[in-house]
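In the two assemblies presented below, chain A is common to both, partnered first by chain B and then by chain C.
This part shows the complex of A and B:
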């Protein structure tokens, strides 16, 4: 190993402090679970964990990018509710409608997300407020459309959620491919690197003449697309869309991002940490289920893990 | 199939082949312990049964219970009833694993998958919402794991059986009793539960059909209590202000909101013996108030004892015994003293059911025996 490579490696580990912490926690939980029960170790259970995390992974992917720019998207929950209700409502059991509706829903997600970005740029209001307002608007719209579960999807559509390719859940494969693509995009594409620049030093990015508006527009539109994918997955999993399906995802989508080491102030972190954070939360719930720990303690454990993981990361940051 | 199951849901009860689950409180001979009336009085010649021989297995068994969540007193008693039944069958049940989804569909789907990976022989499921849990429960059945639904079913028929009580019977008996109490003439307020919720709608519609048989019975208004005594009181205050003494009876879809209505009448200055007839279910408080203030009252339960029954039914399935497609459990039927009518003849009086010193919000139809207190209840069930 050359003398140049070592400091680079150290720098990379330093930058990905969150990733290291989460990998550590994942290993601890896996070893603990394996001792806990023979059934925990079975491929079925481990694949279940990966499969169950699909929805959270998809929405957190978009959320990571908004947070990297120093923003946040609090409209994701309502957007998922709206898009999933529209999906099953418009498909209405007709297999021929699946493709056009799926495409339409993804485009609609992109438009709504883009609108978020446009409002952030033109009104110069903090994204927190813009997306919070948008979330309320979207929740109202979905309730006007339907007060309860709307329409249905043909039975075969559940394949998206429960189907397997070479023994691996389809959703899990989609997640891995998407995360890899976005990781590559963030590293190698110019726009990807601008995302970090805007989040790291917004004023500086402006002075340097970076296309700040394009970056903001892109990340919120992308978050909208991720919401659409989450909505499609949830409709496949539940067989129907409902006006409150996405409710829990607003806060839940932020947890894996911060656990994975992405700073809420923007500019630092990445999607690998988020993916590991998603798996950590899913694994944690599974292990706690195996331990017969009640749901209420599961919430407490999740909260503590978030605080612990983030505090470890922040401490290191201060030292640097 | 859907049509049959709907008819079955209305009429079919437990069959003679199955052992009647006698509630623990039913030591008194006045309590009805026969085959469920919904089965016995069912005029259909055909009753839907499920062959469960494919699920026959040697014990002891591991049973998983995926609960939608807790959050109200009915669901707490239902869970305790289930734990108690598991404790009573320790010899056959090796392990009862309970998960609680906190009323979150996504969590309940994951819970069901986790229970399957933990190798349960059978699943008992109380579904948070009937559509969203359908694929997950259907998957479990497709994997050969029998599912017994309790209290809340899924939309499709992909389960072995559904343990429930008859909403329609409650709604009809309530209405028939009121019509006969009023000798076929008078004004009724319908104090329903939550607008659009299936237990409320499945009681309202059959009740309206009964009222419609009596041309001089007029339903003044249908109001919604959201199953809450507080909201129930508010809406009834408004009704009393609007209609006053012309209200001749209150048809209440459950006992949760009945105390609010009686309170509204008391506060409006109605003296003991002047409050119009009310209907109720399961809850202690309305019975206490009816006895104290001499309110004519009919109680038809939607008993949380169905939690325990679901365990008994689960064991029948694992023994390979045939079970009804919809397993309707017994509702006790009680009236205030002197308030039997030609159609509602029962030996059971409110005074036989009430727990005089018990908490008003306590549910008395859980089959939990004397001295039961949901706050301190603990039982050693196999886990």
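This part shows the complex of A and C:
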């Protein structure tokens, strides 16, 4: 029994069960929506679905990497709140400030995220605790800075959220490009491989002398950058940043990751599943809108999907 | 090549190593032996940079060195094959082999085709047929071991350390490994070989060093010692007899009967009978379906066909919970992954399967639990500070005793032990054999799955041999010997005839 025929395709599908399941659910919802309403089928509506998912997609991208290492980033919500408030507060309607502030915000996100990583490495505390604490600190900082919406952005800035290139929303294009880059990074870069290794067996990674500290520093800094991008997008969308903008993103950012098949314990999964998970949630909300039910049902449906999806991925124990 | 001088290391008050000396020359295989807790693993970890010594000096390749982490030792040319594999279960075989040494192509990106090709080459050179695209968690333990070994061949090493590399592989695979080691030795690689299998050490080693209780006992050329001398150096006393006397077969009533059990792709129409008071061994090569057969009887694997009788009552195929209720127990091969709650203490682990005995009105009575634990610690001679010792801090042999103690509490009728002495030293082995015989004498029917022929011959009252998923024969009493078992384990199944 030492050799059993094991085609490469089956191995691939087996490794990406999440992707297969989510695609199935997407198809089901699309067919359902198409029967539900004529307006659902219009390209405008489908583009809407993609466009509305931009913020969630960006923050979930960073979250995917932290979860792949077996960690988690619970500071994303507060970080988005802080960075978006700073963005509009510092730009304050001055078009000349857009570029320096945007660059500064991205760097700040990287620094705060990097600090998360540094604390995880040096204090040897579980990332859940480190980022939970960091989230509280950041929320406090943003409230010290401003208790309500701060400043404003010049009209041109909304292009980031509402502009289109060849009829496709800019945000959606940015998302697709970023996800493709990260997917390639995970598959072809050594650091990408080590992200999986650290998540799969942290102790083993240490014994093998893999650059574990670099991996952890990288994923949290990257998550910070993703938060900054989300913050910029949200400011463009709403015209202003305020201290509770990011509130819901902390838990929301985890949903597409686990629905997309990434294991919460790390070591298995990927960003394609996350992207599809984001679209699934956006599509679900859209379909429920067409069904004309209360938005509260959207939360209920999301919750049920998470539990159902993850129960499918649970690794079947082979023995006992 | 490597010289340790006066190395000491303590953990939280326990002195693991006290001033040991150890040296390895280029082009030699140096065996390192000792009981569990002798300090072999700690020594290996210090050489590998995974632990830093409290005192002493390490010289490697003529220079005094001080590793700040495993990466330093690795960069200097030291490779360790740990007993607890360092394999990443969700990566493929090829990805695991080249982890840290990724095969890269243009722009420094990982070249997946080359990774796969090189991995296939490497495995072929080692002589094993393992699909490089397979996910490691889906391999058998033996194949995982071979992948672990192949990792050592990826790049040139100066010092190779192997910790119990043959604990889970069959004789053929061990021969492949030994051939590879001989080739490396001829190239001038220094090899440290840790094993509990003394036969192997006499087969391949040039010198042998004995540790006991964290101290260096002896270093000698292999030609200057014999087996008995080595054992007495290790345990500090003469071991006349490792195996307790057999009681002889016959008389015991059939406690469990399994007929025509099949597991898809693994076991075909296998049958066996277990008698009260007897130890039955399930022998065969790794991959013959022994574990799967036993696991199916216990209910841990879905059987596509089969019937089980317990005490003459037909019970069909049970679930593990039903089996436990009917007095069966199963000590798994992988005690860390599937058996023990490593972070909990001895008391919690001993009573884990029998919480009713320590629960009063739904609350666990810690006093009662500790009392039971103390009884079991004494009964099985478990070496630990007390009931509240975390099992993670204990040696492999003592962890194994904790598991056996737990299952023996609830297994009134049948106890299955899968490789019960895997990775356990001579002293602890003897203890476990004594416990097994004692349980049999108490009237329990034992089923021991074992790849070690001396163990099968020394312990079993009856032997059921499997080959490629079918039962190829049965031996009892005086008919049990290594040659007869090997014949049944390797003969062609069509020649074996059907088992009643």
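As a convention for this text, the second predicted complex is superposed on the first by the 308 of 320 C-alpha atoms of A that agree within 3 Å, B and C clash if a C-alpha of one lies under 4 Å from a C-alpha of the other, contacts with A are read in each partner's own complex, and residues count from 1 in each chain.
We adopt the following convention: a residue touches a chain if its C-beta (ideal position, glycine included) is under 8 Å from a C-beta of that chain, and two chains touch if they have at least 3 such contacts.
Computed from a predicted model, the values in this text were never measured in an experiment.
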item: Touching partner for A:41 - first (chain B), second (chain C), both, neither; value: neither
item: First (chain B), second (chain C), both or neither touched by A:164; value: neither
item: Which of chain B and chain C A:206 touches, first, second, both or neither; value: second
item: Which of chain B and chain C A:193 touches, first, second, both or neither; value: second
item: Which of chain B and chain C A:214 touches, first, second, both or neither; value: neither
item: Residues of chain A at both interfaces, chain B in one complex, chain C in the other; value: none
item: Residue ranges of chain A in contact with chain B within the complex; value: 37, 39, 42, 44-45, 48, 51-52, 55, 147-149, 152, 158, 161-162, 234, 236-240, 242, 245, 248, 285-286, 289-290, 292, 294-296, 299
item: Complex contacts: residues of chain A adjacent to chain C; value: 1-4, 6, 8, 11, 14-15, 187-190, 193, 196-197, 200-201, 204, 206-211, 267-268, 318-320
item: Chain B residues touching chain A - in the complex, by the definition given at the top; value: 69, 97-102, 104-107, 109-111, 113-114, 117-119, 129, 131-136, 139, 196, 383
item: Partner chain A, residues of chain C touching it in the complex; value: 48-50, 69-75, 80, 82, 86-92, 95, 99-100, 102, 104, 108-110, 112, 129-131, 133-135, 140, 143, 265-266, 287-289, 291, 295, 298, 300-301, 320, 330, 332, 338, 468-469
